[in-house]
Amino acid sequence: MPIFDWLLAVAVVALAAVMARAIWFTPPEALQGEAQKIFYLHVPSAVVGLYLACPLVAIGGAMYLWLRDDRLDRLAESSAEVALVFLSIVLVTGPLWGKPIWGTWWTWDARLTSTLFLWFILLGYTVLRGAIEDRQQRARYSAVLGILASLLVPFIHLSVRLFRTMHPQPIVLAPEKPKLSAEMGLTLSLAFIAFTLLFIALLRGRLKYAALRDRVEALEAGDA
Amino acid sequence: MSELQPPGTMAVALMIARKDLAIEYRTRSAFFSSLVFSLLGVSIFYMVWDPTAVRPIDMAPGVLWTIFAFAGMLGLHRAFGLELQTRAMDGLLLAPVPREAIFLGKALSNLVYVSAVLAVTIPAVVLFYNLEFGSGLLILGGIGILAAVGLVTVGTLFSSMTVHTRFAELLLPMLALPFFIPVVVPAAQASAKLLVGAELRTVMPWIQVLVAFDLMFGVACVLAFPFTIED
Amino acid sequence: MTSPSPTGSPADVPVCETVSLVRRFGRRRAVAGVDLRIHAGECLALFGPNGAGKTTLLRLLAGLLRPTSGEVRLLGRTLTSHSAVERGRVGLISHQSMLYDVLTVAENVAFAARLHGVRDVAGATTMALDRLGLRGRELTPVRALSRGWQQRVSIARAIVHDPALVLLDEPYTGLDVSGARALTELLRSLRDGGAALALVTHSVEEGLTLATHAAIVLDGQIRRRDLTAGLDPVLYAASYRDLALESAA
Amino acid sequence: MPDNAGYMFAAYIAAAVIFGGYVIALIMRARTMTRRGDAIDTVTRP
């Protein structure tokens, strides 16, 4: 029973189309040059990763503690792993965009730094899940961690922003938000759609894998 | 023969903390190792910079709070570790006490331990980085207590979830360190300003972050702890 | 300790009762519908192979585990996750001592007494230590004791708050013949003192000498119940073996 | 306009590698898990 299906195919085709459009058919931003097109990768991955995948981890966990339904635990587990993938894209494309525009690979920019710490929390979440054998205990512990992590996010944003305001760094050039022409705006919206599709496809695939693993492990443990 | 009158949450927490500290006093294991760790850390850190290029007073806050976080974290597993060898945890769970009391007891015993680490690290930094004594030192102690409470609430909860796993020593730092950011960063930034004579008023934003963190995670960890108990 | 029924409630209310008790781990039903009743002064021996659900059943009776369905009633009151008071009337003894080996014998027992809210901690501790013959060893750290003596401290710790229900999970593990004999004598005096005992063990011989009732537990269910009076241990052991082999097939 | 297209291609290739790598890893994990499942199936349900 393959874990991926037509949805992944559609998502990949959509993504390829939007990326091709971004690279060859969307005019580059005058001030920043071609490198500015990393924007169409960086921003959608960040939005999908931070505001779609991460909340699912905390919500899935909280709902599991309430309803004790294994599917909710699998949802939290799967969205954590897929979130890690999307945030990895953000953390790789960030410096690749920073170097040509601001001259340094890592600018300790508030949002990117928060994303980095969130990435570590998700990694910790995944490692914690790997460390606990008993399925029920693993679900409970990761739910607790997921909820606490969601409480932590505002504190990290606060600390990072306070750090920036207390030590303003001279912004060399290029305002934060480049002015978007109509075509650029369209490409960006298409990118959002493609990335969201990809997220759903990956999440579904990972959920099917989790269900398969749980079934096999139950059989092997003699819990027929 | 002796009818029972189940003790209250705080009474139980004090009992458990007192028992832990009695054991700690007998074995002195966690305390001495962290004392040595702090002193070593503070002195090694002095040698990794060129003191003429970077003034010790600028290094001091960063060193203090980094060493404090790691030394504090090293001893956190000790609290629940005591209950593991002979499954004494079952004994606690069987007693007619609320689960939260067990967490508070362990958090209290960890708080005493972490405060002891602080009481060693601050003088060590003052000595080795020859900071002049001043009122700043008192406030530094206050910030230390706030940071200790933050570190202990989260650290104790994560210790209870990882102490029985195979690589507990690695897992706790990995889970807990992201949660120490809003504790160590404000503490370091505030003490950096205070050490160069800034008013308390200017560092209030950082203090507020610390206080908010302690309140938020103090409540959240106490509520979350019962869910980590096998039921 | 020697009053006929330590619980003071009418003699007919069973100290411990379960009503179609079920506990599931994932899809496996470790305990699959158990109904049992233990009155004051009785001892129920639970025999069964590993994985039959005996330990799970015991932890359910102790209130350490929540039932998936069905009920555990202690002294007539149903156990819920926050029924701390009822849980305080239970004592658990297992091959894990649950002691702090750095602390002394007296400190361990006193800690348990305080935790259970015993009013006269010193008195109850001394009485429990006397009862287990631990006089003179109050100040020795537990780690300095042999397995047999540690077992005694573990029992003292479990009965210092005068529990109505004493649960024993494989207490004979690791004991030599004389240790086992001493343990049986201790538990008999507890039983005659009015406590209700539930004993999970493999050793049919020790179990039968102590128990007033016996039950064979297989695949989370009680397959056979007997009064031990007039029960031939050899025949019983044989039927236990057959049942165990049949369920394993 | 600065000529920094190289960074753009690097970023797009990196994204493709990360997404592609994850999809392949997941498929491989699913394949081994299915094989484990089939093996246990034949034992428990002859």
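By written order: A, B, C and D. Residues from 1 in each chain.
Operating definition for what follows: a contact is a pair of C-beta atoms (placed from the backbone, for glycine too) under 8 Å apart; a residue touches a chain by one contact, two chains touch by 3 or more.
Quantities reported herein were computed from a predicted structural model and do not represent experimental measurements.
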| item | value |
| --- | --- |
| Central chain of the complex, centres being mean CA coordinates | B |
| Interchain centroid distance [CA atoms averaged], chain B/chain C, Å | 39 |
| Inter-chain centre distance, chain A versus chain D - centres from mean C-alpha coordinates, in Å | 16 |
| Whole-Å gap between the CA centroids of chain C and chain D | 52 |
| Whole-Å gap separating chain A and chain B, where each centre is the average of the chain's CA atoms | 32 |
| Per-residue overlap in chain D, given as positions that touch at least 2 other chains | none |
| Overlap residues in chain C, where contacts from two or more other chains coincide | none |
| Of all residues in chain A, the ones touching two or more other chains | 224 |
| Contacting chain pairs - touch in the sense defined above | A-B, A-C, A-D, B-C |
| Residue ranges of chain A in contact with chain D within the complex | 1-4, 8, 15, 19, 23, 28, 30-35, 37-38, 41-42, 45, 85, 88-89, 92-93, 96-97, 99-100, 198, 202, 205-206, 208-209, 212-213, 215-216, 219-220, 224 |
| Residue ranges of chain B touching chain C (in the complex, touch as defined) | 1-7, 12, 15, 19, 22-23, 26-27, 82, 85-88, 90-98, 230-231 |
| Chain C partner contacts - residues on chain A that touch it in the complex | 135-136, 218, 221-224 |
| Contact footprint of chain B on chain A as seen in their complex | 65, 117, 120-121, 123-124, 127-128, 131-132, 137, 140-141, 143-145, 147-149, 151-152, 155-156, 158-159, 162-163, 166 |
| Residue ranges of chain C touching chain B (in the complex, touch as defined) | 1, 3, 6, 62-66, 81-82, 84-90, 92, 94, 96-103, 107, 111-112, 114-120, 123-124, 157, 161-162 |
